[in-house]
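The following pair of complexes shares a single chain, chain A, combined with chain B in the former and chain C in the latter.
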Partner chain A sequence: MMLGIVLVVFLLLQITPGDPVRQIVGLRATQEQLEEVRAEMGLDDHVLVQYGRYVGQLAQGDLGYSYKSKKPVTSMIADRMVVTAWLLTAGVLMTLLISIPAAIAAALYRGKAADQVIRGAGLLGLSMPAFWVGVMLLLLVALPTGWFPPGGFGETFGEHVRSIFLPALTLAIGSSPFIIRSLRASTISVLNSDYVATGRSIGGSRSRLVRRFVLRNAAVSSVTVLALEIGFLLFGAVVIETTFALPGLGQGLVLAARGRDLPAIQGYTLLFAVIVVAVYLLSDIAQAMLDPRVEIES
Partner chain B sequence: MSEHLLEVSDLHVTMQRRGLPITPVDGVSLTLDRGEILGIAGESGSGKTLTLRSILGLLPKGGVAEGDLRFSNDGGRPAPFEPTEVHGHGISIIFQEPMTALNPTMRVGDHIAEGPRIHQGMSKADARTRAIELMRLVGIPSPERRARMWPHQLSGGLRQRVMIATALSTEPKLLLCDEPTTALDVSVQDQILGLLQELRGRLEMAIIFVSHDIAVLGELCDRLAIMYAGQIVEIGPADDVISQPNHPYTAALMASVPSFQGTSEELQGIPGHPPDPGAFASGCRFAPRCAFARDDCTQTTYELRPTSDDRATACIHPEVLAQP
Partner chain C sequence: MRYRAAIALLAVLAMFAAACSSDDSGDTTETTTAGTETTQASETTAAGGGEEDGTLQVVRFESFDGWVLDQAAAWSTYQSHLAVIEPLLRFGADGKSLADGLAEEWSYDPDALTITFKLKEGARFSSGDPVTAEDVAFSLDVWTAGPNFGISFETIVGVTGEGSEVVLELAYPDNTILPLMASSVAGIMPKDFGGMTEDEYYANPIGAGPYKIDEWSTGGRMVFTANEYFYDPERPYYDTVVVDVIADETERQILFDGGEADLVEYLSATAAPRYDAADIYQCTTHATAHIGLNVFNPPFDDPEVRQAIAYAIDYDQVSAALGTDYFEPPSGIMAPNIWNWVPPTKPYYRLDLAKAKDLLAGSSAPDGGSVELVYDSGSDEDTLVAQVLQANLAEIGFDLQLNGLETLAFIDAAWSLESDIAMWTYGAIQPDSADPMNWIMATGWLFSGYEIDTLTEQFFAYAEAETPADQEAVIAQIQDDAIDAAAAIAYAQGSYLHAVNPNLSGFWSAPWGLYYYDTISGS
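The block that comes next holds the complex of A and B.
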């Protein structure tokens, strides 16, 4: 499967217009100089030969060297991955912190004022584009209060937390509506189930009922939605990292694409694909942990 | 006779169906003594399950129960109650399908321990010990091992026993049974019925048992109520009601089930369909399907009339059933 992704990424970049060698040597270089660099980089070989070479290197964990910075793509990615990992983790945590209470409240007070407010807010969050939310948070929160830096990632742990807060909130605002919707629906169906009737008949407080009988069952079907959502968050990160000048993978991908830095683009795209596959795998594992009826066969 | 355990007077359940109110339970009154087993029989949609669920406030979304319900947990005069006051304090319930009635993400031991932890403030360890005792009480073999299992790992019969153990964990005076044997195969059904009868004797617990299975009800119950179209049409000692029906519907119901004696008379269906709760007939609701219906049957108002000390019928012409 990964090999298929490699092939698609590789071919897509071959058929897109623009000559990477021209980007490297500059507009004023002569045709001879250009051909010389092309040969040096092996870009005059047949496409299949180039592909074979790329896959061969990949198997050894080598993503090649950036045309621009001449640095190994693996080390470029490693630096940026830390930032994106922060962003995604914080974004998912905030999504859950917003979604779980909101969804449970909306389901418990279905059709009442709380439900309407939560659904309205969800619709609002859904219809605001991420870059706009990001800019608004910068203008309305970061600049007046000065609590959060307007960009960059900082050096220390504390600075990281402050830098990541608003970008993660931006991600959460965009993704929470989906999770709330799914979790609200599954909570409602769980609340109508026989076993919640059993739970009610045992007695005890409503919060205990929700904790013991509702939450885990409702979460089972929403885990998949969360995994899909993380996939989207990853691409949301491309926009948000640019808005907040975070030196993460998304920003790296944008820069690499602008410079037609083929090895870097391939590296980033491949990594994104790996992350998405890994997240789906994790969601299957999480589902099996939440629901004892699901068993993973190796 | 001392005070009743439970008194239900003029219970109505209204629900919304496509925006229109319907009344699937329409004026049910009954009483129950301590330690007594009352059966409620009726077709699907007769309102028997809704009657049962109303007692604990467990109606489906949109269902509203109105009526005078009184319960006495301590042997005194029955007093009105809110459903939440008797959850875990005197009344428990078990359902038809034990697979869906057990929380699929809770180990069965924890499930049974939930009541003792909430109401008796037991520690986790004590409640676990209590759960294993209860599992032994309801006849679950090797309870220590099974307490750690998930509901889906147990057979249907064991699941229903877990459900019963959960219901018993709060030491109820009244156990409501909503067709608890319908989803089980016949041999397991007998075991569960035997268990319920034994528990009634040991724990002095009253039972209301809802079923459409007359054979099961005849075997288990002291008294039997027959429901039709949201009303009780006949009530009395189970054996009498079954052998000498005082309502044509009861008689038709008995003729439609295989006989206990195994004689080979032909089974009789009841002509027509069970009435729709949105369009009950005026007068006697069974009249349109009744083989003995007369003109005045459509004029009468519903009332359970005593025919002897312990029997009552809603039929205004019960004499039509007298054996020639």
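The block that comes next holds the complex of A and C.
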């Protein structure tokens, strides 16, 4: 699968207009000078030869060097990974902090005002694009209050927390509606199950039942949705990091694409693919832990 | 269980509160107050209080091309190179003068074929090593090897020197070398890259500029810290310069309006009205916006068709679209307000539909036709002007097919002459008209494919001219030739713009938009 992703990215970049050699050599260079550098870098080799060479390097853990910065792509990724890890972690935490109480409330008060308000808010969150939400948060929250910096990641731990809050909130606003919808439906289903009815009949309080039985069973399906959402969050980070000037992987990918920095684009894309696959694997493991009926076969 | 959850919640809240109350900066060093009047500092913005933590925050839209001097293409790259790898000379704010850089004195002797520099006593790299003639000789080898600007240095055949004296030996008289020494592509590097390999050097370069590099990336943040060995003990005023690449126009404005950014580089004319007019620093008119008509293919292989196009453009309308505060109808194809620039001896094109139709009637394309215009869709200005030109040329029967391309695709299309018309805006990077001449040649007469043999001869005549008047005569001839050829047609000339915090002082910018970080202070 990873090889397939690498191949697709590689081929897409081959057909994208824009000569990377012109980017490397410069605007005033002559055509002869461009061809010379193209030959030196092996960029005039057949595309399959270039692909084979790239995969060979990849097998040795070598993602190559950036055309622009001349730095190893692995070190560029390492520099930016921390920021994106912060963003994703905070985004997922905020998504859960918003989604779980909202979904349970909506399920417990199904059809009532609270349910309608939560579902309406979810619909609103779904319909607002992330870049717009980001700009609105900057204009309406960051600037008037001064509590959060409108851009950058800061230097200290405290600055990181402040820098990441609004971007993470932007991600959470976009992804929470999916989790709320999924968790609400499964919670309602579990609330209607026999063992919950039995629990009620023997005098179990609603809050105790929800905490100890309903939530755990209802969460199984939502874990899959959350895993899917993390994939979306990762790609949402491309937009969010650009909006909030966060120097993470998403911003790196955008800048590499703008500069036709092929080794960097391939490196970032490959990493995104690895993260998505890893998250799906983790979600399978989490499902197995939450639901004994699920088994992971090798 | 309940208590543990409550404690955990309190801990999270406490952490967040602590984060909210933490100090904004990691650097609390006070800046040096302004007080030194220099030639450069004479053109300042309003004085006032500046940053207290000694950090100048700059935001820009362009990513950085890296530290290889020759490969600089973006303004942001020239700007950053100037901060770290100081050349022998600097440019003055008027765009027509030279100022001292690493050299405090310089003289050109066309008879002896030498240019002599006297290095400043305190000229040192950020490593602490003094700048010597050997460093200049090594740098020259690096410059000459560059595929972009290398040819510009080829007149220099040797470097000698002793003590603080550095002598460049020329193969023939060349007026263009001295001003070239004020460009970032002539930055002085330590001999043998200071003991590093070439790759190591470009990953972490050192120079003798006012700043050294603390952190850098091509598309993210760059952090410069003051070079303690800089030759002027008063400067730089700011201990740290942080430059962030912010791709989004709105985000840049938000940062500036919110006081998070002191300077926004290279505003587009379409974005400028969103800023407070008092915060806009408008450089002297210089940016020259033009179209190149592909002379290899019909209908633009016919000079009469090209001239008809030139007469069909409503230059006032184009300037109005871009904002008359910042743009005006062009005076010629050469970027103005630099050394030896003069206007054409005859009037430049203005809208004259009757003349355009007459010319077209007697041409190879009397009914006009369908032609493609490529432009950089990332530029709001170009997108706007493309639409104006489409309406203008429709008046004489041309159906202009607009093809906005992403920047690199556009560059490919323009350089390879894939389309009928290509749109671009250019400016110099140093104070001499030789630089626009070089650029016009490098772009195949600004993307038209028009022959450059004559221009090449004119360049040599300019380089070897004995007096400034002779040089101006060459420029006037080039301007006139461009009118006759109508292969590249300027449609507007205007100013590069920056948004500058009014509390900064010492900021000034050359007509081409470049400036020096070290002249800026916060008081």
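Heads up, the rule we're going with is that the second predicted complex is superposed on the first by the 298 of 298 C-alpha atoms of A that agree within 3 Å, B and C clash if a C-alpha of one lies under 4 Å from a C-alpha of the other, contacts with A are read in each partner's own complex, and residues count from 1 in each chain.
Basically, a residue touches a chain if its C-beta (ideal position, glycine included) is under 8 Å from a C-beta of that chain, and two chains touch if they have at least 3 such contacts.
These figures come from a predicted structure and were not determined experimentally.
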- Item | Combined model on chain A: chain C and chain B, fit or clash | fit
- Message: For A:G204, using the defined touch cut-off, is the partner it touches chain B, chain C, both, or neither? Pick first, second, both or neither.
- Response: first
- Task: Considering only the touch criterion stated at the top, classify A:L166 as touching first (chain B), second (chain C), both, or neither.
- Result: neither
- Message: Between chain B and chain C, whom does A:V135 touch in the aligned arrangement: first, second, both, or neither?
- Response: second
- Counting only touches as set out at the top, which of chain B and chain C does A:A107 meet: first, second, both, neither? neither
- Message: Using the superposed model, give me the angle at chain A's CA centre between the CA centres of chain B and chain C, as a multiple of 10 °.
- Response: 160
- If you count the residues of chain A that each partner touches, which comes out higher, chain B or chain C? C
- Message: Once chain A of both complexes is superposed, is A:L88 in touch with chain B (first), chain C (second), both, or neither?
- Response: neither
- Item | Shortest CA-CA distance in Å separating chain B from chain C in the superposed model | 13
- chain B and chain C footprints on chain A, overlapping residues: none
- Any idea which chain A residues touch chain B in the complex? 192-195, 197-204, 208, 212-213, 216-217, 220, 290-293
- Item | chain C-touching residues of chain A, taken from the complex the two chains share | 16-19, 22-30, 33, 37, 66, 68-71, 76, 79-80, 135, 138-139, 142-143, 147, 149-152, 155-162, 165, 242-245, 247, 251-252, 254-256, 258-261
- Can you check the complex and tell me which residues of chain B touch chain A? 53, 56-58, 60-61, 84, 87-89, 91-93, 95, 97, 100-106, 114-115, 118-119, 150, 152, 163, 166-167, 169-170
- Which part of chain C faces chain A closely enough to touch in the complex? 15-16, 18-24, 26, 63-66, 68, 70-73, 146-149, 199, 202-203, 217-221, 244-248, 250-251, 254-255, 257-258, 260, 405-409, 411-413, 415, 438-439, 442
